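In what follows, subunit A forms one complex with subunit B and a second complex with subunit C.
The block that comes next holds the complex of A and B.
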């Protein structure tokens, strides 16, 4: 139910409602600075100029927070909480709201479309394809070997929410691997307590000699009940490409309060990366993994265009963190060509 | 299905035989003690008159009308599944039976050769295993001791050979992967029959990983020397090399695949930065940028 935009806050709330309804025309028409960009620019600012997590996200809720106001102008913060297939993400915009007679209109701070200059980027990285043995082949016929992977670090920690198993997995082969890790907690008499997989706190595609962290959650489990842990790294051959290469720039470990790792992803290839998954491995002074954090980028990565990331670190662990390592796995529509 | 049918025939014949035994009769049969699979053989009977001769085994049943007192001939290729058989002679209510064995032919016709792994690093002791099962022309496992030769040869002609005697139809061996990468051929041979598998020997972990840095505008251009393993084999393209630049509390990382034997990247030039290089669990050198 829209209300009259008789206050700066009401104007922003109305805009938020129109965005939630995807009433782009109405939302655009209500803007004070609409002459500066098109309706399409406005829509794509929110839903992404290229296919990305934003494209299929839905507006879950929004918060409006007045920052300051005068008779004719106000600044209001709009925090939009989006819901996506890999979890929520938040878009924060500080909006200038201006008075036009008895109405207030929002001056939308458009994030302009990044433009990549025309150029030719030569890409000649390797790509691997796999041909398996046929189902009709005789017994004893040779098949291609699954990639050899190895867990190079693993230890459990007790957290308030349960037991967490952390570690790192190395692809020690010369071919790419699709990997996952499963852990089974066993009691002191050897009986299984629970079995869980790493789900998405791992980079599932590992190129040769690449290392991924993994984190496996056991909600409600208690470490004092655990006698041993059985680890099962799994790997299978997968077609893959060494492109795109993602550089992680300006990584910074920000101490508590609000501990986080920030940085920028730079897509060094000529292909648009639609979704990037950033995995952060945090180590203590002895080099042991103390936590694995992750974030998906909500905007596509254009060639040579930095996209920031900001990954939260649990406050109680922030003091223990001495160094970190960031990797990014990517997804591009159409896969590799 | 064939086995079920054979079992059914065997049961019927056995029941008939038991009843007939109780009734008595003067006839007998003499099959050979053993028959080689696929070979011709004969069964001599005694007595007079007509009878039916059944031969029942797992997977095979034969029935023949015979004249008692004569020899019944079975041509080559009639009995071919190795195993335990029962010959049953039935004449009215009289029966006789004798067991005999069909043994695999002594001449091997095919090998099932399991070679593992199909891909492994160079220089691994007993890293490659080969296991061979020997079959005759009728796919019977030849259980008699049989000499098997295994040979792993690389493109340069160097070879490792092992001679093994198969027992109960199986022979196996282990050989080392060599120091040189390449596609090796692993061959198992019994008489004139052989089977070959391909074993790809791939370079091991990088050894002596080294990079250099040069100024390139506002960036540093980092490049490794050609990356090789400890045996001097070129580490394959696509292998990930990680460059890490640390400066004033900040860090930049990039995972770069090897291309034409080297990894190359440009990173921002920061005075006092420390740059390190690694591949998997292998660390390379460090550069302090001034």
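The block that comes next holds the complex of A and C.
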């Protein structure tokens, strides 16, 4: 139930509740700076101006943390935890809250809509089509030779949550490949302990000569019990294109504490990319893979419009990291890349 | 077979007509002013302690005056039930309900595997011994003649008719035959019954309750008079009710049986006395015998429950919401089931509390009523504990309305007595509105969302060896049961949450995968977990009716392979998945359990039908006592108006 907005914290909590209920009109009406933008702008700031991860995300919970306050003004941090189909993400906003008589109202820091100027973008990219025999020829049931792929690096790591198998996979062929990797932990006597796949910690479409990192989790497994690991890379021939090209700009490795890799994704194509998945491969001085981190962008990538990313690196691994490599796979509505 | 029983009940009603006329006529000859304290209210025991002999003159004098106080013939009420519900069954309206296809799916398994309760079509295999089988087995049996859908309708209609008889017989324990007949007529239009039949599709609950209600008068007669035939009938009916729905029996014991026992205690000094030791002995005897019978008949169920208790994370359900803070759910779970009964609530409470004999009934009603309010009050949580997070609350409202019906019958009788045609018109309108609203509710607010056509999906799965792999649907709502009936392929999803054992599903606190997004992070975590282990389960196909899920499938390595239903359903496949293998789960019931499961529950219902047909032996003095009882009921019923 909503409380009277008699304190800065209560005002922000009420706003959070209204956002949770998707009562956009009520939430907008409670803002102090609503004259600066429309209700539609406010709603789209939270749900995305274009179809994106935010559009279908639901507010799971939120936290309110007072930063500082005076008699007439306060700063409160609102951390909104959204759940989305590819996983949770958090939206953090530092809100200025101002006093109006007995009530406090939130000054909403609107992230304005990116406007792409009218322009012509020349698109010149490679594309591979596969001709099937007919509608009855199910994808994956092929009588052609699978593209040649090779695991170029692999090693297990013991983490608190279990064993993690890291590595990289190379498409050695001249055609694109759909790839996945499966690993089976075997005990010292050769019996299988557990078998898991790479799921979404891999880029499943590899163009010729492209490399993807992979990370496979074995929750609750113990590395000391493992005698060997059987790796099963799988590939099949698929149609693919190099479009959209996503450029990584201003990439930066930030040291501990709070180690992270930051940068910007720039969509070089002329079409909107609705969701991008950034895969970060972290290497040590010897060039061995130390960790694979990832992040989904919660905002759509408009043509030529940078979208920032900030990928957290586990603190205990941060010191080992000396270099990194970033790739991005994309999802666009109506297209299957 | 049941006709004879019904005939007996009708006969009982007819027998009591003259008596009813006496009581009602005597009192109606003395008009009361509103607010005037009635004699029986001041000292209700006066009549009981000093039963005045009914004089022949009075009978003759009052019969003509009280023509309208005769009970409505049960045959007429049954015809009314047929008139209201038969057309709805013939157009198969219950198929739109939330759980109808779930029961049909279970029944379809019994059609093919009567003695093997291990069903491989859901959750990569689960045991149907986790759910009492009686109504579903009847559907399976009848389906050999009518097909599954109409068999479901037949069983559901039989349950509705049985409810009429059950409510009448149960009400006779509390109120006059006239009020009891009106209560039975009200059960035809009961909002909660229509809600469960046409919106919720709770076949098990709506089948078990009438059997249970029919068992209670026999229990009363056993505990009160020690009739062995009643003991036998009560025992087999209770057992059959448990075979239909265990929860009804479990909670019914508190809401229905305890008030009946209290009634025996209240009546024990009237007519034939019931000594307290006899009361205790008989109560314990029937509890033990019924307990043992249920333990045997549902033995595989108990074994499954003991070995694999329901420890999974609680799944949110809107019936547990606070209906004041969530008015939409309040409408769904309170206004629709109760309908015009809401207007009668003050009378139910007032009459139930002022008439001593009705107090146990009121108490049962009140507790069921409060629990049925879900999270609106803390009562459900306090009384049920963890079960509150497992059960859905609409069944408690259903039971509450059944418990209220005798008093509602009383109200109707008094209103008709007082206002005649105006009351009849008003009550008819109220009943019609309540029933119509509850029946229409499934159309106003469809249980399964949009109409999902699954025939094309089933056809796709059944061809070209696609059913060698398992599948999951996304955005299909409760149509996954219908799909499971139509296809030979197995799924890792399902709608019977208590029967699932896959750890990916049990530890996340979400319901069906097909509706993952509605369970927030928990639902999406469950979906991701199951997709992550697709290879292990032979899960190759995902049918998507909601593009919300497309990004996950694409990033997780699934690719669209086909489109169905004018591109409204997309088929996604994963390469490299091995064919589905039978799961060698410890939950697979051994063969002997399958034999028990296929014989005892169904056999209990056959036995119940046969035993109920044993004619009642009339005791000397029965006539006199029951006459005075009913007269007393009627007198009380009329005085407080």
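Please note the rule applied: the second predicted complex is superposed on the first by the 323 of 337 C-alpha atoms of A that agree within 3 Å, B and C clash if a C-alpha of one lies under 4 Å from a C-alpha of the other, contacts with A are read in each partner's own complex, and residues count from 1 in each chain.
Just so it is clear, contacts are C-beta pairs under 8 Å (C-beta built on N, C-alpha and C of every residue); 3 or more make two chains touch, one makes a residue touch a chain.
Since the structure is predicted, the reported quantities are computational estimates derived from the model, not experimental observations.
Peer 1: For the overlay on subunit A, clash or fit between subunit B and subunit C?
Peer 2: Here subunit B and subunit C can both sit on subunit A without a clash.
Peer 1: Which partner does A:83 reach: the first (subunit B), the second (subunit C), both, or neither?
Peer 2: second
Peer 1: Touch check for A:286: first (subunit B), second (subunit C), both, or neither?
Peer 2: Neither partner.
Peer 1: What is the value, to the nearest 10 degrees, of the angle subtended at the Cα centroid of subunit A by the Cα centroids of subunit B and subunit C?
Peer 2: Reported to the nearest 10, the angle reads 90 degrees.
Peer 1: Where does A:71 make contact in the superposed view: on subunit B (first), on subunit C (second), on both, or on neither?
Peer 2: Neither partner.
Peer 1: Output check: A:197 vs subunit B and subunit C. Expected answer is one of first, second, both, neither. What do you get?
Peer 2: second
Peer 1: Give one of first, second, both or neither to describe whether A:249 is in contact with subunit B, with subunit C, with both, or with none.
Peer 2: first
Peer 1: Look at A:208 in the shared chain and tell me whether it touches subunit B only, subunit C only, both, or neither; answer first, second, both or neither.
Peer 2: first
Peer 1: In the overlay, answer first, second, both or neither for which of subunit B and subunit C A:119 touches.
Peer 2: neither
Peer 1: Once the two structures sit on chain A together, report how near the CA atoms of subunit B get to those of subunit C, whole Å.
Peer 2: 19
Peer 1: Let me check the overlay on chain A: which residues of subunit A are in contact with subunit B and also with subunit C?
Peer 2: Residues 138-140, which sit in both footprints.
Peer 1: Residue numbers of subunit A touching subunit C in their complex, please.
Peer 2: So the residues of subunit A in touch with subunit C come to 1, 53, 56, 58, 60, 83-88, 135-136, 138-140, 178, 180, 182, 195-200, 202, 204, 234, 236, 238, 274-275, 277, 296, 329, 331, 333, 336-337.
Peer 1: Mind listing the subunit A positions that touch subunit B in their complex?
Peer 2: Interface residues on the subunit A side: 124-126, 128, 138-140, 142-145, 152, 170-176, 207-211, 242, 245-253, 263, 268, 323-327.
Peer 1: For the complex, which residues does subunit C have touching subunit A?
Peer 2: Residues of subunit C touching subunit A: 325, 464, 517, 520-521, 524, 528, 531-536, 547-552, 554-557, 559-562, 573-576.
Peer 1: Looking at the complex, which residues from subunit B come into contact with subunit A?
Peer 2: Residue positions touching the partner: 111-120, 133, 195, 197-198, 202-203, 205-206, 235-241, 244, 249-257, 259, 265, 267-268, 279-281.
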